[in-house]
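There are two complexes below, and they share chain A, which is joined by chain B in the first and by chain C in the second.
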Partner chain A sequence: MTAMVPASAGSSRREPALGAVEQTRRKHGDQLLVGRGGYLDDHEPPGTLHAAILRSPHPHARIRSVDASAARRCRSVRAVVTGAEALSLAEPLPHFFDPSLVGGRTTTVRVLAVDKVRYVGDPVAAVVADSLADAEAALDAIDVDYEILPAVVDAEDALAEGAPTVFDEWGDNVLIRFPFAEGDPARALAMAPHVIADEIRIQRYQTAPMEPRGYLAHWEPTGKLTLYASTQIPHPLRTNLSTIFGLSEDRIRVVATRLGGAFGHKFNGYPEEPLVCLLSRMTGAPVKWVETRADSLLVGAREYIHRFSVGFDDDGRILAITDRIIGNIGCLATWGGWSMTYPAGMTLPGPYLVSDYDIESIAVVTNKAPWNGARGYGKESATVAIERMVDLVAAELGMDPVEVRRRNLIPPERFPHWTVAKHLDSGDYRGALDKVVELAGYHRQRELQRDAREQGRTRGVGVAFELTPEGGDFAGSYVRGFDTSTVRVSPSGAVTVLTGVTSLGTGSDTGIAALVARELGLTVDAVSILQGDTDSCPYGFGNFSARSLATGGGAAVLAAREVRERMALAAGVLLDTPPEGLVFAGGHVHTADGGRSIAFGAVAEQVYRRAYAVPGLDQPLLEATKVDRPRNLTHQPDEHGRMSAYPTFPYSTHVAVVDVDAETGQVRLLDYTCVEDCGVQINPRFVASQIYGAIAMGVGGALFEELPYDSAGQPLARTFTQYLVPRANDLPAIRLDHQCTPSPYTLLGTKGAGQSGVGGAAASLASAVNDALAPLGVRITTMPLSPPTVLRAIRSGGKP
Partner chain B sequence: MIRTSLRYHRPATPEESTAILVEYAGDVVVLGGGTMILPMMHRAEVEAGHIVDLRGLGLATVTEEGRYVRIGAMVTYGDLLDSDVVAREAPLLRRMAGAITGGNQLRNLATAGGAACYGNPSSDVPAVLVALGATMCLHGPAGERRVPAAEFFVDAFRTAVGGGEFLMWMEVPRLVVEVGYHKLKLCEGSGPIVTAAVVRDGGRTIATVGAASVTPLRFDLTSCVDSGVDTVDELIRDGVVNPWTDVLADGRYRRDVAGAVVRRAVADLREG
Partner chain C sequence: MDPIGSAAPARTIALRVNGVELTTPIEDRELLVDVVRKRLRQTGTHVGCYNGDCGVCTISLNGKIIKSCLILAASADGGDITTIEGFSGGEELDDIQQAFWDEDGFQCGFCLPGMLFAARDLLERNPEPSEADIRQAISGNICRCTGYVNIVRSVHTAAQRRTS
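Now for the complex of A and B:
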């Protein structure tokens, strides 16, 4: 099924300009500020029991036996379950995205490990007790007899001949290889006047949401199962529970609670989701489990090696690139983070016009804990790699890195533009680059850099362009590119939006309410929004890939228009005027000449009170449900073998200025500037806060966030004293501006603003630090750019 | 969650405290601010059946006692920052307290005495106490015992506190000295990687380096500072023979930067 829509047809989707969207603060933001938001762990129905999970202390071991008899006798213990016992109680867990759907290998995952554990933290058994303390205490009484197996923790070791295999039946440790190639890169490289081959290594790190995951299940004796979950994706979670327990979906209610950060860490697919349900069924009581920080820090999200070659001419034009990407995805699990290796390759060659390239992204399994999704979703890794290539080209030719980027960016007249796995929607890439150069005072920063160097300081200026494919749609999975919203008007005129997309605290709920309010001529306050409750909301795919407004938002607008049409018919009857010219504004419906009006609520009330009784009042359904999706998705390869699983392509440009302390390796971020283009902004306040957060995340990843393992496979960062996240004083004030090239393929012209910035920040910092060190003859190819890494490089004097 | 059944004690006298510590030896912990011990108990890294809260002993004060400033074991970093006596008589303590890693919650709960007793090499407190020539005043079965700070820190996470003993207070000499301080950390959220406190007292300049090794190291800089010859780096590097390694920074890094940290503390001293 091909769903590509030409630009002209796409443009016609966009409505004539309405009034401005009301710019409000976040709905219920005051409750968050005073600590009354209410998160998963604040839910505690009477009689709630608490679950604790016994996790593998070994990276790789066979389970010979599990003896839980002593644990069952511990204080207040209500139930204990082992992997073997759970076999008959729960079917295998569905994958968030099964790699076999796209030609990869797969495995069967159970709610608890049965025969083997494959990473430190793999769940082995669970205990329910009256208190969490008693449940945790009872874990010590479970005796597991492990036969320790050789473990593999490094991805290149895992690829080596004779490496221990994480899944014996595979024969090796390669989950999948994603090739992305066009043209004849071997020939182009051979012909290129200059070729540079290098690598960059990106460490394992994650997103560290402030609120960890948590689940509260109540499987009532009536057979109704309710799960409160700190999750981004409630509906597919419900579908999974139905599959796992053979329980009809209509008997399951999943409620996504308010999220204190998610970032992909709270995609569904974790074993704890069905586990708490199972434990509730076993005990007949509500059962809660909340992730500890140590559990939370097990979840990986990124760890890549890029080995690349770039061929270019004397003018800095890039002629060809190759990149072999190795992603150490840890163990394969049903949480879908492994799939980030796809965008890690697909995003290349980024915003640049390169006709010959050969990219291969390889997902490798090891005995580290699995990945889950993470803001950036692999695209940040591609950005770091391609921007490094461009910087190397500039350095080799002695050209300004901005100029090399300018020469290679896809020009505006080329849109829409095909690469093998992307159909780029629209953009003015050079415009965004020029704008950030201007806003950052880039040329002035270069002068200041010269002065700083003369004074003996180690100053660097870094530039990055980030392309961020968004709105991903993967047919065959529940990771889809469309969503559904309902708009409902009550007799009092109160408007409720029910939608299948969820909000992570980004403000997209407020944005959707504002869009519906605009359609109906109301204020945002008059519109409430309900999300995350599968009993009341239409089936939807939740939140991922910055999709909320382009899917659920578009659907809500379409639904509001349908309701408005029916209300206009009613208002026409009530005002005794043709409905066509009626204007919805200021909470009233006005005649075209503005002479008469009727309150919005009064129309609704009259419809409910007098429908069918008054001639013409015969459309009493003041509720509509609509589906919307961005166009620009190509699910099957076209005649050139091209397809595009992402419909929108926001982008951002970044300039970072750093001082490197040559004695200590400390990097101080002095100045930061970003220009972003997410298409039409519904509420710039929320866009800005997304960009700020993403930049902070990218800075943390560039400079110090890391989840190290020792060579034996033990994770070393268990608390925030070991996993360092950026704090306010680590960041300068961020200068931010916008550019707008609307998407021709979305109803509102939006492109998504949830992820842009992570890759640009990481890449611009890598660029700035390497720029700073260039006079020392030193370059750094290993992230993070932590003081020990930077100092080691400086002391090496450029020798490997 | 704390997995053990826990009995909470709040003794009113030092003797009572020691009696409890002796009676439950091996199964008892001392509670100061609790910012380290309680999370460790929640993570089951420390298990104990008894906890002795020192807050009934009146140890939360800073007082001037003759030639000393006496800092009670329950004095928080916030108290140090608020104290006029500390500002006047022991400004290095104030510098240290103002630079600890952590926000208001930590400043208002965590105690300098508790940090000393925890004995984490990567801590702000030990080197400053050693630099100031503080005396650690313990109470135990034999009554009061006074231990110079330089002998208090025995090894990583090991101090001179013996069975039945606990820290009552720290006595910091009221010396008119010039001080300089520098703390190197990886970022705002990072604990100290290397600290240096430099004290010039009379004709001598002594640097105390923290977090670089399992216990604070003292270096006599008098000759290199006076001669103006920059031999500090070599001196420090040679002195950090067994550098401390943790997840944030390996020993090699700590050794590599210790000299620079000391020089910056000296520069800080010179700049006043």
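Now for the complex of A and C:
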């Protein structure tokens, strides 16, 4: 169990300010700008073969037989493997996060389906050929005899008595139920002057990174396996390959190539990771597989139904809430996305002080394709739900929705603040709300709304507050809250940081380099960073939950400080002065009075050249490796049954203004304002870029991104022609400002930036559209707020 | 036994790529983007959808920007191609590339080559574009990282620097 560290003790971790972190442009920009990114598919060693995967066309079927003999005779085919053949070649796949670790059900997953397919896209067989075209052509020659089984697509259908079961041995389709309850919500609801019961349904959608996944394996005859992977999490991926193939981990190298976006889509656990390794072993050559956009759009996320009740008094104070959340997680797979149902419940009741609540989040399996991680990780769903509740309270009482929020927000003096499943670190929630109201010109927007309505336009103003738990740590899995970094100084004075965290275009690589540079008195350009290569970097958990700076960044700072101490000892000898007062600045080590100095690189060179030969130069290890982690984690329930798996809680406030075209149902986003608090910002420019991107994803999810299935279980969005994402002309400029309440629990005071914005955008858009439609007596409880949905609502005239 | 499936029809085409005259064998069925990436190894041109939706494969062909996943390589025979590798015409970075770096106009970088071509195409047609002009000009290129905020700023900054 991790002990709680009180805020004061946490604060003492932070040292006196060293001066500003150097603000630079993105590292590697010069490479990306000229097309030298080095993404997965840019790597192609000579002799690379190409894999294609035969996938199930049925949502649920038994495999009677697979005849691949004709495929083996197709042009340039080097290998074919079926699920049955792979049984003896690969052990079951470890789960990214096995639900049985937290009391859920589980299943055994193989590299290819053996007896049954459970979703359209389930991998059944694979072909390797000289070219991708030949491999794809050979797939047509594989004959699979399926016995079609009844499929279940809708989560509520899946919960019904007698529903077909996705996993027969379970008896029903419930993967796990997560309860989160405090107080006596039944009594509080019964006593409440007002109670509203309603629901909101959020569609299945995903993050759609521009670069699809891909893997390139080379299993050499020497027994060394190298996998280039477009993955966020290279080290646990290596561990899993070791388990699957019984190959010692030290003989496996995983290289996470530069990622063209990830957002959770590139968590490890996919069957294609071991599959390309197996195919390389079978052929003795490098084998590559790259996800098609159609395959990529199979990956699900975010499909929830919230059925809630909210009790409140005449002043708009929320007295109790209940929320039964159903997450349609598709089929259970070894990709870990199912676990998003945990934060979907845990995040509630969000930023509000509610003493009595009863939340249950239920993960339900169906014959849709599995979920994987999606920026927001379920927290966006909680935000949409709680913000909807607050809006309903405001509408019922005829109060301003901002005022209802202000009355219910947790006040600053309550921090740190416990709910049953989180220990909120710090914040000034009302301050962030007031700031966004000011920045958005909220009251002016209300006046403009009145004018617009008088002119016959359907204008809405929406407000949202998003709480975004970050840095998740789940002991027992490889989803952990600590990480490791090494700082190394070469004889020339060049500094290299090697870290277990990965950066996905977030800028955390530049941020970590800047932090190390500050510790050593160097410029960012003098520090390089290596990530993602398991042969050179310390074991780490990659990127998820906006964790990179609070873990790998903190560790890099600690390592840099240790190296600095050793450099100071050496510099003291070389300058013939006590090491205590030496100052590292401007690429030099200066005496305290500034009278003398020696170049940083000269110290390193002298250490390597003269250690043990010069008296006092007896610490030549100019390299240090450190671990760091945020405090504020409670892994085991305390005496009140409370625990907290997330250490930091950034938050953001949002105001959106929309016009709804009542004839077409189209929603036009006119104006958007956000204030965010991610604690200390290492590089405010990169924080802003993260928030902008997250808001755009939330807007896309609110307005049009959707992965629909037909009732038979066939996915309907297979290209960007069906899966509509925001384009530049769908979005306005985003007005953004910051507030800073440092985390008392992280070395640098950071809380994590990366996911904040998705939920606030989705919620503020839902708020704005419902506000727009209110005069029509219409409300929408189904997302996305696409033209058909909006038109249907308008035409219903408020009748369900 | 003969393998199932016969070799695809093939030919040799001539191209000028980033100022270099060359010939390359292709299969008739090959898309221009695949020839650029796989045969010519100009991997700065990316693939995101093979459907013309996303714009990450945008290059310049005979002076016009095109989505190179939408045309067969055979139909580009004799053409003059500029890819991102030749974008700056010999300089390290041209002014548009500099503006994108200065304004943090990219994150993962995957859409970036296509965005740069769209930006240059706009500025050649319209040296003083409005925000709406910029948004329209890049609407054929999807970015999932930036929310387009800093891309729009980058193009605006590039335009301002040119006119000032």
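Convention: the second predicted complex is superposed on the first by the 799 of 800 C-alpha atoms of A that agree within 3 Å, B and C clash if a C-alpha of one lies under 4 Å from a C-alpha of the other, contacts with A are read in each partner's own complex, and residues count from 1 in each chain.
Simple rule for what comes next: contacts are C-beta pairs under 8 Å (C-beta built on N, C-alpha and C of every residue); 3 or more make two chains touch, one makes a residue touch a chain.
All values reported here derive from a predicted model rather than from experimental measurement.
S.K.: Touching A:35, do we find chain B (first), chain C (second), both, or neither?
M.R.: Once the two structures are laid over each other on A, A:35 reaches chain C alone.
S.K.: Thinking of the overlay built on chain A, is A:729 touched by chain B (first), by chain C (second), by both, or by neither?
M.R.: Both partners, chain B and chain C.
S.K.: Once chain A of both complexes is superposed, is A:608 in touch with chain B (first), chain C (second), both, or neither?
M.R.: neither
S.K.: Return first, second, both or neither, reflecting whether A:721 touches chain B, chain C, both chains, or no partner chain.
M.R.: After superposition on chain A, A:721 lies in contact with both partners, chain B and chain C.
S.K.: Could you say whether A:167 touches chain B, chain C, both of them, or neither, answering first, second, both or neither?
M.R.: Neither: A:167 stays clear of chain B and chain C.
S.K.: Would you sort A:133 into first (chain B), second (chain C), both or neither based on which partner it touches?
M.R.: It touches chain B and chain C both.
S.K.: Of the two partner chains, chain B (first) and chain C (second), which one does A:539 touch, if any: first, second, both, or neither?
M.R.: neither
S.K.: After superposition on the shared chain, which partner residues are touched by A:207: those of chain B (first), chain C (second), both, or neither?
M.R.: second
S.K.: Chain B or chain C: which reaches more residues on chain A?
M.R.: Between chain B and chain C, the winner on chain A residue contacts is C.
S.K.: Looking at A:786 after the superposition, I want to know if it touches chain B, chain C, both of them or none. Which is it: first, second, both, neither?
M.R.: first
S.K.: Which residues form the common part of the chain A surface touched by chain B and by chain C?
M.R.: 133-134, 137, 292, 719-721, 725-729
S.K.: Could you list, by residue number, the parts of chain B that touch chain A in their complex?
M.R.: Listed in rising order, the residues are 1-4, 39, 43-44, 184, 186-191, 193, 247-250, 252-253, 256-257, 260-261.
S.K.: Across the complex, what residues on chain A touch chain C?
M.R.: The touching residues are 25-26, 29-30, 32-37, 39, 41-42, 44, 70, 73-77, 133-134, 137-138, 141, 207-212, 258-263, 292-293, 504-507, 685-686, 688-689, 692-697, 719-721, 725-729, 731, 733-734.
S.K.: Under the touch definition given earlier, write down the residues of chain A that touch chain B in their complex.
M.R.: It comes out as residues 131-134, 136-137, 140, 292, 294, 663-666, 703-704, 708, 716-722, 724-730, 786-788, 791-792, 795.
S.K.: Can you list the residues on chain C that touch chain A in the complex?
M.R.: Contact set of chain C toward chain A: 1, 3-8, 27, 29, 37-38, 42-51, 53-54, 56, 83-85, 87-88, 92-93, 97, 100-102, 104, 106-113, 116, 131-132, 134-136, 138-152.
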